[in-house]
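In the part that follows, the structures are each spelled out as structure tokens.
One chain, chain A, appears in both complexes that follow, with chain B as partner in the first and chain C in the second.
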Partner chain A sequence: MTHPFTAALIFALPLLVILAFVVMALIEKRRGGNVGAPGFFQRNGTPVAIFLIAATAFWALVLIVFPQLYMVDYSFHPKLPELKRGGPEDHYTLENYRYFLFGSTQNTDHWNTTHLNAFWITIFVSTVITIVNFAICYPLAYFMAQVAKAPTVLKLMVLLVIPYWINEILRAFAFRILLGTGGLLNNVAIALGLIQEPIDFIGHDIALYAGLTYAYLLIMMFPLYNAIESLDHNQIEAARDLGAPWWHIHLFIVMPFAKPGIASGATLVFMLCAGALAAPLVLGGPKTLWFTPIVYDRFFQAFNWPQGAAYAIILLLTCMAFVSLVMRLFKVNLSEITR
Partner chain B sequence: MSADIELDRVTIRFGEFTAVKDVSLRINGGEFFSILGPSGCGKTTLLRTISGFLEPTEGAVRIAGHDMAGIGSNKRPTALIFQNLALFPLMSVAENIGYGLRVRGVPKAERRRKADELLRLVALPDQGDKRIGELSGGQKQRVAVARALAVEPKVLLLDEPLSALDLRLRQHMRAELRAIQKRVGITFIYITHDQGEALTMSDRIAVMNAGHVEQVGDGRSVYDRPATPFVASFVGENNGVSGLVESIDGEMATLDTPLGRLKGRGGAGLKPGDPATIFLRPEALRLCAPGETPDLTAEFVNSAFEGNFTFVFLRAASGQAMTMSVGRDADIGALAPGASVALAFDSADALALPVRHNA
Partner chain C sequence: MSSRLVWKAALGFYIALFFGFLFGPLVIMSVTAFNTPSYPQVWPFEGFTLDWFAKLYDDRNLMEGLVNSFIIGAFVVALSVPLGLAGAIVMTQIYSPARSLYYLIVVSPVLTPGVIIGISTVIFWKDVTELSGAQSLFNGVFLATLGQATFISAYCMLIFLSRLQRYDRVQEEAALDLGASRTQVFFDILLPFLRPAIFSAAVIAFLSSFENYNTTTFAILANKTLTTVLAGRVRAGTTPAISAMAVVIIGVTMAAAIAYETVKRAELRREAARARAG
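This part shows the complex of A and B:
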């Protein structure tokens, strides 16, 4: 098991952070601050205020921060049987990260090409899927938000939402049935004489990419719709009146305005895609490289939890770094997204 | 460069609803032309048709002699200033003004030069780098004008752009807009429901009601010689007293009304025995001089001091509310509510108009 001191540190750290915030708040109050506005306790009443704080703290700390911190700590330990944890062999090590890069816990002679490839393909394909999702959703979101009348919007909304009543795994299986070698699409194409031999959509990962694109369509759709919907239609007309062709209006009026919506949609789709598990398991072919099933295997096939933790953290940090880099590139900040 | 605009029997329908009925107008190049009417009279629809956002259901719009059918708003020589201005909030003032030029591929330095020049024209020099959110209402107004003028339109269309401003600023902007129009010399078509705006700024005014044009003329003729009862009561304050035409004597008509016999100039189409309304402007009414025979009498209700004149609110014998405006020297201080007031007016200042049955 973890060293008692580190464990104590891990659990104490968030509490210390909260304490620091409380102290900062108190200091600010003493400096005067906003005199007229009622405080959090006055506004909600003491019992409700205490409940809100406790519930939020429980949710944030116990359900999110502690497990993640525990995984971070876990990833720096060797794989050991239960009895030896906390014993003399339990020490901090980078061997799990070494394994990811070099395929061995000991030497650094060869790159771990299988896992590295899967990792980069996951990031790359998630990026492509995000872009494809944007390309599909933007015209539809624009149409619904600015062009269509209310009854049409309602109908489209219902049509968009209904497929998502079906469980994700079932939807993935439906794609397998549609795109399999003996599936509907191949059968129809052969019957029409378009192809002679069935195309192996699953073996070539086309089924997986299509399934992932489909799975997260709505998650791109709604932030985009909301962002475009809040654009004053007069601005589009004003641009048009000033002589702008349609593409110029989209590129320089609508998209800059919808940037926060685009950013939040893209972030969500990318993160969910890179972390998707069900679709790759169901729609992946025998040679499919997707990083999350590998992480899953570290935990439940290799029973190497420290390694699984390391892999999960590598994926998480890379995705976060990538997303913040892209946001920096497009000059979006976090506060705009949550707007 | 300015251009004539011709609306040739324009009708615009939305499904069953006819927003504009058979409107024909000729607006001269370089003119400040107002379209005045209450909300819902079809004036904005007409403006959107000229700017190309709507196509007329029937009839034609011609700008500088060219039929505009099938020509989109981005290809017309018009620029529209929206009621809410529709400035682009993410762009700076200069970028807003330069947008139309950017679309036309004008290089950045040239756009900036043009923006600065226009900012001087609208009396906002050196404000090009400000964000739109940093501007006051009047400044936004000026930026909207500059943005529209940047593309050098032949016709500038204004859709009640002053309605969001407070009274003082609105009055100031009226004069400003008029001065800008004189300087650039292009045709302005100005939509408003505010008769004061229309009267002070325009060369000519078209008064619209329920989708059709009731009268076209300069401010003075619309005010002094309204063609229809609607124009008479919509443009300026007016007291309309309805009755039947008793007799017509040349230009003058006498009406038999619940307030007695009233005599005034007769409008076109007046026939004895027909229902008609006689209109008395508040400033046409005056208190009877001692010994003079009153034209009508009313009960004093109250008065409102407006500074250079005073509104006197009266109730006529029929219960009808009437308004009179009197100068500073008028002797109304002694009047108590309910007191009887004897009124007189010059029959040349009164106008009798036939009541149309179908309107």
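This part shows the complex of A and C:
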């Protein structure tokens, strides 16, 4: 149980924001003189209007805003047994964040290298995988969107849609069969005499990185295809007629046009990679560094929920930073990314 | 001319490589389900067997997880489709200075890692159910439904929004002029217009719920779903029984995806025909 004042704040703040907007809307309406314009209730009819407001409020507030704010508050509390929560020992503290940085809730002598390294590696590898996925998908997306004829596109589309829905865990498992020490790749390589000893793909994290690349390939594909598809082919023809080399056409015509699609694919792939849980659990070796399993362990091995909440918020902030960076870099807005 | 040929060959090679990468691992996994050795092995293929499938039948945990997955999936569809619909309609009518904040909030679950949604759902509802004395609600099926609905509603909303962009308000005006009430307009004009989107949203909601792991693994608490049982098995050890399960799941998913695409195409064609006739 959190402090009553904070609890009040968590619930009251969003309501105050809504109230402010309602008041602004009323004032504007009065000032604009169009009092006769139909209001929300007249426009939809009372029963429907009530459903719309109730459903949206339930979703936006009860499912999205309240739990997130509550988690933020929770992460600033110490871990306490159930009975002591809300008691005198339950004060605001930075210890959960301190633990992430220094590996101790008390002193700040040493950096928490295990967790920090995992964090940086997760960000770095997720970024690399995002770029690699773009490089793999771009040629096919371009081919389907601009070059291929309709029946071919339809066939390729069906081939892409089918594996799209296959479970993440099964994809990871497939890579384990492929790359395990007794896996197909090792067996074949040994039989061909290429190697004497099996290569430990899992222990060296190669399996994990390959599995992540594989798992989110199609997440990049579809936004990219949709964006390139809406480009007028005449623009490409015109550039070609004017003597532009092929890489010019891609770099200065197709890619700038497809920016929203690229941004959309990139944010989704990065977010899914950085937040991936199944792949690291299945394909990670004993020394694998990935951030999400550490968050998972805060809950299921350390049984330290406030610390887990703090780690979750660190991950959330990272993803938010990445999204805003991409939006800044590509000069696109949120509605273009989530189309 | 020969450089064109080289390009063509390179393109063909790349496409073959792409789809090989996409399907190869799945095919290999499927083959191991029919091979006799107790470690999933494709090659050498020692003998054809269906024993690994027979083992699935007797697996009580797995069946319990499967039932829960269906229950949660049905709840999520029942919750997310109306929420997404309401969210989309409100988006088209909301007071414009509030719109960007509103959009940011309702679309944020799409860009939030699933584990975070799962964690915040558990933390929030644990205290809420405790304070309100409704402890019986603190169970896996209820929490998984709420956690999944948080972001699946956003998928549904995006589907409805793209359909609403093509909505012609003239129909509404006509109905009102002819004496229909606002409520009648909603049920007799808007909902029929949105029918294909409702269908799409329901299918996508169910599939997303069924295959979700990241949010569910936190929100499911002591219960289990098919994916959490599956994850436990995969972590515990690599056996062909998992491959057999994979073959079943892939088969069912593929059938569902193909059925969905077929129905959607037929609907689109019917609509195009109606547009031509009208």
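Going forward, the second predicted complex is superposed on the first by the 316 of 339 C-alpha atoms of A that agree within 3 Å, B and C clash if a C-alpha of one lies under 4 Å from a C-alpha of the other, contacts with A are read in each partner's own complex, and residues count from 1 in each chain.
Rule of thumb we're sticking to: a residue touches a chain if its C-beta (ideal position, glycine included) is under 8 Å from a C-beta of that chain, and two chains touch if they have at least 3 such contacts.
Worth saying up front: this structure is predicted, and the values here are computed from it rather than measured.
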Clash or fit: how do chain B and chain C relate after the overlay on chain A?
-> fit
For A:Gly193, is the partner it touches chain B (first), chain C (second), both, or none of the two (neither)?
-> neither
Chain A-centred angle between chain C and chain B, computed on Cα centres after superposition, in steps of 10 ° = 80
Based on the superposed arrangement, let me know which partner A:Phe173 touches: chain B (first), chain C (second), both, or neither?
-> second
Which superposed partner A:Arg240 touches (first chain B, second chain C, both, neither) = first
Name the chain, either chain B or chain C, that contacts more residues of chain A.
-> C
Check whether A:Val323 is in contact with chain B, with chain C, with both or with neither, and answer first, second, both or neither.
-> second
If you stack the two complexes on chain A, which partner ends up touching A:Pro81: first (chain B), second (chain C), both, or neither?
-> neither
Smallest distance from any CA atom of chain C to any CA atom of chain B, in Å, after fitting | 6
Show which residues of chain B lie in contact with chain A when the two form their complex.
-> 51-53, 72-75, 78-80, 82-84, 86-90, 99-100, 102-104, 147-148, 150-151
Which positions of chain C touch chain A when the two form their complex?
-> 11, 14-15, 18-19, 21-26, 28-29, 32, 39-43, 82-83, 85-87, 89-90, 93, 95, 97-98, 100-116, 119-121, 123-125, 127, 130-131, 146, 149-150, 153, 158, 162, 181-183, 185-186, 207, 211, 213-214, 217-218, 227, 230-231, 234-235, 238, 242-243, 246, 249-250, 253-254, 256-258, 261
For chain A, which residues count as touching chain B in their complex?
-> 232, 234-235, 237-245, 248, 252-253, 256-257
For chain A, which residues are in contact with chain C within the complex?
-> 1-2, 17, 21-22, 24-25, 40, 42-48, 51-53, 55-56, 58-60, 63-68, 70-71, 74, 136, 139-140, 143, 156, 158-178, 180, 182, 184, 187-188, 214, 217-218, 267-268, 271-272, 274-278, 281-282, 292, 295-296, 299, 305, 308-309, 312-313, 315-316, 319, 323, 334-335, 337-339
